[in-house]
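Next come two complexes built around subunit A: one with subunit B, the other with subunit C.
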Partner chain A sequence: MSRAALLVLADGRFPAGGHAHSGGAEAAVKAGRITGASSLEEFCRGRLHTAGLVSASLAAAAVLGVNPMELDAAADARTPSPALRVAARKLGRQLMRAARATWPSVELDALAREFPKGAHQPVVLGVTARVAGLDAVDAAHCAAYESVSGPASATVRLLSLDPFDATAVLARLAPELDRVADQAVEAAGRVVDHGVDALPSASAPLLEIGAELHAAWPVRLFAS
Partner chain B sequence: MHLDHHHDGPAAVSADAHRPNGSRRALRIGLGGPVGSGKTATVAALCRALRDELSLAVVTNDIYTREDAEFLLREAVLPPERITAVETGACPHTAIRDDISANLEAVEDLEDEVGPLDLVLVESGGDNLTATFSKGLVDAQIFVIDVAGGDDIPRKGGPGVTTADLLVVNKTDLAPYVGSDLARMAADAKAQRAELPVVFQSLRTEAGVTDVAAWVRAQLAAWTA
Partner chain C sequence: MSGGVQATARILARDDGRGGTSLPVLEGDGPLALRRTRGRGAEARVMLVGAMSGPLGGDHFTVEAAVEEGARLHVGSAAATIALPGQAKGEARYDVRLTVADGGELRWLPEQLISANGSELYVSTHVDVGAYGRLVLREEQVLGRVAEEPGRLSSRLVLRVGGRTVLDQELACGPGAPGGWDGPAVLAGHRAVGQLVVVRPEFAADPAASRVLGDGAVVMPLAGPAALVSAVAPDALRLRKLLDDALTSLG
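Showing the complex of A and B:
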């Protein structure tokens, strides 16, 4: 594997559309659930162990060569909110474009042909990692990290939170993030043997409900 | 669609001049500039001026609302299916320059859904003087400033004023009321832009968007040549 390729893919400036999404932070700020650094940390921790774990497992399984169509259907089944399914596919489509320009490959072209309007973002992330020569654990780390870095940077904009405090939240979550990535890789290994039903299905009802409410707001800063 | 040799090809990645089916894509022109300078009004006027001769669509990038798109819909400058709003996560300049994927999708979806297009206008939400469009997104860009924002903006320069393919100085009708010196603005713009064109316009007068529409037609002629 190439460690530098992992940095390219995990870089917050990788142009794959993430900047327009708050990972549920905008809805949580409005509802008063995120008011500062410590509640941001709790929010991120919850997201990491639910949506983050599922995303990381999907991404890791894609690296191991599990069929993206099956993974995409499994992602749908694990995402009750229609608004979140739309957001995940939009982000998947945007990542697909960036990935095809960055790591041109027949595998990504085939995925783009299969899903012209986008597959779930973690599935695309896994295929991208695979094409970039990365391992399952790398893709799992990327997905797990994105599940918390998006809300953290969005909260900096939404609450004018001190950016150093937001970054310190991410650093404090790092050991848990490593554990979630390991769990995801184990789950992905089970998927290879037993099919996609072996994927974790941890969910956070408030994230799903918040996403539905958010999608109906007439005025908002973030797309999700 | 009869020339469609490889319609199962995956979608284009970026500024490729051809669509997956081999046909030439629409010319894309970006409009940027400070808040309230008249970007949406110019887009609306261009649509009215060109819609009978060209197949047109518009993408808007608002900061936190859909107001620009809704204004264009309300004014009925184009049928609703030809107007798309992109959500920019509080940073329109990111969506038009650093991370253009959402805009590229909007442009491509318009071409797929409303059929062959000649021209797509992409408006950026009002931003600062450094906001410019990526060459991966648009083929040419117009920077719109107005006389009421201060007549020293051309002198201050910045990437928009200095490098845009066309600089539009809008609302000349207001110059006497705000004490803006149009001759000085023209001289400063010339100094910043050398041979690049500048148009002074007022959308409140008869001539309106005529000069900008002529420039757009010339861009299109060069694109399809």
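Showing the complex of A and C:
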């Protein structure tokens, strides 16, 4: 594997459009559930162990060569909110553009042809990691990290939270992030043997409900 | 060795050919007793009667219901199910396995599941509905009795329609659950959480519309001929009201 390729893919400046999404933080701030660094940390922790674990497992399974069509359908079943399904496909399409330009490959071309409107972002992330020569655990780390870095940087803008405090939240979550990435790789291994039903399906009711409330707002700072 | 109670209850609903539904299988087992009650129209109605409280630690309960083509079944329960810590160490399991054939209809509307302090329960509900079957299913989890910390509860719901998985979600909460379960992304102090699943063949061409039913409840069309109402509330009563209103709004 190439460690530098992992840095390129995980870099917040990788042009995949993630900055336009708050990962549910905007809805939680509006509802008064995120008010500062400590509630941001609990938000991120909850998101990491639910949506983050599912995304990391999807990405890791894609690296291991599990059929992306099946992974995408499994992602749909684990995303009851239509607003979040739309956001995940939009992010998947944007990542696909950047990935094809960065790591041209027949595998990415084929996935883009299958999903002209975009596949779920973690599936695209996994296939991208695969063609970049990365391992399942790398893709899992990327997905798990994105599940918390998005809300953290969005909260800096939404609450004028001190960026140092937001980064400290991410650093405190690092050991749990490593554990979630390991769990995701184990789950991906089970998917290879037993099919996509072996993927985790950890859910967060308020992320789903909040996403639907957020999508109904006439004006918002973030797309999701 | 768990030392708990193993019990399986079974229901089979069949079109009786005279505009009604017969129940060729209606088998309770140990603490899971079944009673046929007065139905409405073509629908057979069954009440799940907990002959004792439970499940307790170490218990493993299974309820299986199958609805055949043209049959209509309504299943309710006489009281809430309370997960309690038991004499036997370890977790309790409660498995629900439901199948609805094309042209069949199942209304699965049990009372709440209450996760009492110190209990540890793993619930898994698997529902297989034919592409032309109909389903209304309600699940409500209440975290703790009044003013009590909840036990450890994990509840997974998997729905297949026409052989495709359209919903797979698991909620884990209580002591020992992965971090953040009571934080702002997951439950944020709400003590009642519920799901209402509606499967209708008509949704294939004309899906349910996304709808916000207040701060704690939304209707969401799934990626298949089904809709999910997801709701959180401070308590069981307010949760039930949200889910009842949601079902009414779906027509």
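Keep in mind that, in the parts below, the second predicted complex is superposed on the first by the 224 of 224 C-alpha atoms of A that agree within 3 Å, B and C clash if a C-alpha of one lies under 4 Å from a C-alpha of the other, contacts with A are read in each partner's own complex, and residues count from 1 in each chain.
Criterion: a residue touches a chain if its C-beta (ideal position, glycine included) is under 8 Å from a C-beta of that chain, and two chains touch if they have at least 3 such contacts.
Computed from a prediction, not measured in an experiment: that's the story for all the values here.
Chemist: Per the overlay, which chain contacts more subunit A residues, subunit B or subunit C?
Modeler: Here the partner covering more residues of subunit A is C.
Chemist: Once the structures are superposed on A, label A:A223 by its partner contacts, choosing first (subunit B), second (subunit C), both or neither.
Modeler: first
Chemist: For A:R157, decide between first (touching subunit B), second (touching subunit C), both and neither.
Modeler: First partner only, subunit B.
Chemist: Pick one for A:A31: touches subunit B only (first), subunit C only (second), both, or neither.
Modeler: It touches subunit C, and subunit B stays clear.
Chemist: So, A:V192: does it touch subunit B (first), subunit C (second), both, or neither?
Modeler: Touch partners of A:V192: none, neither subunit B nor subunit C.
Chemist: Looking at A:R100, would you say it contacts subunit B, subunit C, both, or neither? Reply first, second, both or neither.
Modeler: A:R100 sits against subunit B, while subunit C stays out of touch.
Chemist: Just checking: does A:A204 make contact with subunit B only, subunit C only, both, or neither of them? Give me first, second, both or neither.
Modeler: In the superposition, A:A204 contacts subunit C only.
Chemist: Figure out whether A:S39 sits in contact with subunit B (first) or subunit C (second), or with both, or with neither.
Modeler: A:S39: touches subunit C, not subunit B.
Chemist: If we overlay the two complexes on their shared chain A, which of subunit B and subunit C does A:G17 touch? Say first, second, both or neither.
Modeler: Once the two structures are laid over each other on A, A:G17 reaches subunit B alone.
Chemist: Would you check which partner chain A:A73 touches, where first means subunit B only, second means subunit C only, and both and neither mean what they say?
Modeler: So A:A73 only meets subunit C here.
Chemist: Counting contacts the way the document defines them, which residues of subunit A are shared by the two interfaces, the one with subunit B and the one with subunit C?
Modeler: none
Chemist: What does subunit A use to touch subunit C in their complex?
Modeler: Counting only subunit A, the residues touching subunit C are 24, 28, 31, 33-34, 39, 42-50, 53, 73-74, 76-78, 80-83, 85, 176, 197, 199-209, 212-213, 215-216.
Chemist: With touch defined as at the start, can you tell me which subunit B residues reach subunit A in the complex?
Modeler: 8-11, 13-14, 63-66, 87-91, 94-95, 98-102, 104-105
Chemist: Give every residue of subunit A touching subunit B within the complex, in rising order.
Modeler: 13, 15-22, 90, 93-94, 97-98, 100-101, 109-110, 112-113, 116, 154, 157, 218-223
Chemist: Can you list the residues on subunit C that touch subunit A in the complex?
Modeler: On the subunit C side, the touching residues are 156, 158, 164-172, 178-181, 183-188, 190, 193, 210, 212, 215-218, 220-223, 228, 230-232.
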